[in-house]
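Each chain carries a letter (A, B, C and D) given by its place in the written order, and its residues are counted from 1.
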Amino acid sequence: MKIGFIGLGNMGSAMAANLLSAGHEVLAYNRSRDRVVALAERGATPVPTVAAACEGDVVFTMLADDTAVESVTFGDTGIVAALAPGAIHVSASTISVALSEKLTAAHAEAGQMFVSAPVFGRPEAAAAAKLFVVAAGPHDAVTSLQPAFEAIGQRTYVMSEEPKTANLVKLSGNFLIASVIESLGEAMALVSKAGVDRQTYLELLTSTLFAAPAYQTYGGLLARKQFEPAGFAAHLGLKDVRLVLAAGEQLEVPLPVASLIRDRFLTLLAGGGRDLDWSALGALADWEAGGPRPGSG
Amino acid sequence: MKIGFIGLGNMGSAMAANLLSAGHEVLAYNRSRDRVVALAERGATPVPTVAAACEGDVVFTMLADDTAVESVTFGDTGIVAALAPGAIHVSASTISVALSEKLTAAHAEAGQMFVSAPVFGRPEAAAAAKLFVVAAGPHDAVTSLQPAFEAIGQRTYVMSEEPKTANLVKLSGNFLIASVIESLGEAMALVSKAGVDRQTYLELLTSTLFAAPAYQTYGGLLARKQFEPAGFAAHLGLKDVRLVLAAGEQLEVPLPVASLIRDRFLTLLAGGGRDLDWSALGALADWEAGGPRPGSG
Amino acid sequence: MKIGFIGLGNMGSAMAANLLSAGHEVLAYNRSRDRVVALAERGATPVPTVAAACEGDVVFTMLADDTAVESVTFGDTGIVAALAPGAIHVSASTISVALSEKLTAAHAEAGQMFVSAPVFGRPEAAAAAKLFVVAAGPHDAVTSLQPAFEAIGQRTYVMSEEPKTANLVKLSGNFLIASVIESLGEAMALVSKAGVDRQTYLELLTSTLFAAPAYQTYGGLLARKQFEPAGFAAHLGLKDVRLVLAAGEQLEVPLPVASLIRDRFLTLLAGGGRDLDWSALGALADWEAGGPRPGSG
Amino acid sequence: MKIGFIGLGNMGSAMAANLLSAGHEVLAYNRSRDRVVALAERGATPVPTVAAACEGDVVFTMLADDTAVESVTFGDTGIVAALAPGAIHVSASTISVALSEKLTAAHAEAGQMFVSAPVFGRPEAAAAAKLFVVAAGPHDAVTSLQPAFEAIGQRTYVMSEEPKTANLVKLSGNFLIASVIESLGEAMALVSKAGVDRQTYLELLTSTLFAAPAYQTYGGLLARKQFEPAGFAAHLGLKDVRLVLAAGEQLEVPLPVASLIRDRFLTLLAGGGRDLDWSALGALADWEAGGPRPGSG
């Protein structure tokens, strides 16, 4: 397939590289050019504009937030204006349910197709083509995208024909990860203040009832208190919790653990932790229990 | 080994049966006699008093709470009075850190040994000898107990020579399970109100980042809203959260997720959910979002 | 003064009537016409458009939310387009800090003045000209408005020359009221379940440490469980808590009590309580403790 | 009346002095003797033992917690053993509902009377005889105590003939004060980070909807960040929140704001704030928003 790729951050660069490795043609666009150059060395065709990235059958966007996705999608030089009828916009970004609804409507009106395909996994998983893809959109479009999804992930889960359900599920997944970080952080603060070794404790948990990647990955970062460099920055974690709370408000579903996590992300940011890995959230429990403030040096 | 076993509820009966299967001699005591009769059919020796259960090398207690353990341990006819010097009291119950300290001191003064060995696992796991044993106590005592632990569990984790650390770790584990129930409950209330199928959602979670027994077991109960019969009753869940909060207070470690869970257990009980499975905690999110009250019929 | 008045709900009608009583000329505009007719009987001049309400020295807006204020302010037929240079837009609505910033900029660019003057008080206080006015804006503008403020309120507090500070203070005040409702609701659920009379309890509180209107007004509604008709509807309470949380997020100030209140408003709305008085928030504690759901009939 | 007084801390000394001023005979007992000497200078009769303080018609206890009250009440040399039949034990301490039940039973069995009469007010109010007395107990006993209550307080509220209801109401009142401190602390952190002056803000609040002593007293301490010397220490605040939560648990009434406050008291203590005034609780919001940790110097 001829695939445009817009957004070459840590995640996007790895995904685009795996599309190249799988034999796809990739038209690479990024606001800052150095990432494009790096990808060109691996075989991508650099393109100078968003519109130029829309000349294929499919264009992926993998950007930081709603604002970034809106800025490349709408307007005279945006994706909706540039994409051919019948071509597909695949949004892999973690965006709001509200924006997903808006994108679905805009592409439908322009005779194009819109598929939401947010992914689970950190940059290492993206590099290893081990992402989990959560896809939703028109059946034929999703089917035709299988080769691309297989190139970037280890498995694809199709939720429904409504793109926004994939976004809601992705947001809920990030909420569940954040709640693992928070509850593990509290538990580790407790047992370690009593003298139990954090690593031994984690090993017990992750070889028994909590033998899952979420506990292994984030528990390991928490046990080692290793919050730099960030695989996923705290301010992006806050953004996702805000989006899940907004979705909950629209649906009238209170989410008290999410509310608690939102407050704690604000505390983390107010203390200088904006660019730490979001697992630093779990170190606030140690801080409250008398330890050092995460991010304060 | 000749092992006394005090407390033949769902968990204790299964554990004692596995000790019998592994070739140990079991002196079985329970307040209500029918459980003793059932176990005698599998080869146990029924004994009429706590003291009679203390005639072996080791006596296990597997009881519902601190009060029950205290009532069989202290007083003229209790374990401390009856146990031979050098014999071991193994407390497999989920008890408070404070009681663990008290038991450690009392047995030491009587020239006996005390080992804390709480277990992770529901009645099905106990029946299948698949429990996880978290042990702490004097090194020699813990070593000599290995055959017994192997009979009841799939793996033993030795925490330290201080019995109470095993209790703290057990309580923290129950807190982590409860936080899985709560956060999964919130996430399911959210996505299901948007039309996503709960079972499909759970499958996505448990085949990816959350591929762990805690999510599979409790997620399954939540997805099916199957809260009876209780594997572990809500009022016992509340008890454990209370104990973990008490331990946190003693150590000056705030545990905000545990506080939230405590409040929600109270809500569950106030609505008649005392004897439901503790996973019903997660159905409060559906209730708040407009659904039926768990336990109300 | 010749004063336009846009927005004749319970609050706005009472305020406009008091401006008339104080001798001001009032150009009255409202989307639904019956309220205009009622005010015309008290001496107001009905006007058919927003622009026509802008023909005086000052135009007040007293509307339900940001969207309503934006819809009458911007666009070809809005206040910014219609108001004379040097004239003043007084926003008495409870709006977001973000919109206040936007209005300040828009009027400055058009050579007009913008004053934020949100008020504290329920409809009865508005009718009695007993509101408290919290004003912020250019010094001369605020000074020239004193006669109008005196007509509607019992006292005016000038915060600063930055209009948005008045909005932030107003939102924080509504948050404080909501936290009174929530904490009183919890306390009443507790003592009344123990058999203490709610009215006696309230009398003790409000004649001692809590002898303040917030406790008298909302405590009375809670003690009597009288949530209809709404002086201020629950969904408007939710809106204000959302705005205070948004302001906190912008400033990186976590507000855990506000988060808790937001969740509880969602619970109230999900149960059908959208149009109850916001004091019904405090009845959720009784509901959780086993009582009936507020709003369920 | 001839009144024994046990417990001469800041509160007790002031109350006993006012009993003397009103013409009562006071038998003064305190564990550390310097307070007794000071009171003797004002006319009290020093007594060397608890039993000697029980030689009058009435004995007051005003002690820090349950443990202290139990230690002077029970045992061979305690109040129950020493008090004459028909004499009255007045407990003015803030104790648990559970202990109040226990004291009621013990005195009844000994043919004595027990009245709970906890008070609202800080040491300055105690010194000025401006306390509020919340009394509950047998009607005749409460009536006969009126002269004593009038000597120490400005008004007495009789709750019921069950002593424990007074304790529950007192605890709930302290919870309400703590929730004022917490919510005011959050609001001040918010507006002050936006540049609003804390003292001006407090003046607005306390001359309008929140014109009550609780807001004036604690708001003033918070606005000035003046947490030493402690009128009521943080660790005692934590104790009372723990007792109100325990009462809520017994009655199956969840109290989410109380849970939040308990966690924050733990944070305050873990950071070295144990002996600060409990209003320091409200400064945690500034700390979370990026300010200094209360109690850290």
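Definition applied: contacts are C-beta pairs under 8 Å (C-beta built on N, C-alpha and C of every residue); 3 or more make two chains touch, one makes a residue touch a chain.
Predicted model only: the values in this text are computed from it and were never measured.
Listed by label, the chains touching chain C and chain D alike are A, B. Taking each chain's centre as the mean of its C-alpha atoms, the one that lies farthest from the centre of chain A is D. Two chain pairs, A-B and A-C, are compared here, and A-B has more C-beta pairs in contact (counted per touch definition above). Work out the mean CA point of chain A and of chain C, and you get 39 Å between them. Put simply, the C-alpha centre of chain B and that of chain C have 52 angstrom between them. Measuring from the averaged C-alpha position of chain A to that of chain B gives a distance of 37 Å. The set of chain D residues touching two or more other chains comprises 248, 252-256, 260, 266-267, 270, 288-290.
Of all residues in chain C, those touching chain A in their complex are 242, 248-249, 252-256, 259-260, 262-264, 266-267, 269-270. Only residues 266-267, 270-272, 288-290 of chain D touch chain A when the two sit together in their complex. Touching chain A in their complex are the following residues of chain B: 120, 132, 134, 155, 157, 159-160, 162, 164-165, 168-169, 172-173, 175-177, 179-180, 182-184, 186-187, 189-191, 193-196, 200-201, 204-205, 207-215, 244, 247-248, 251-258, 260, 285, 288-290.
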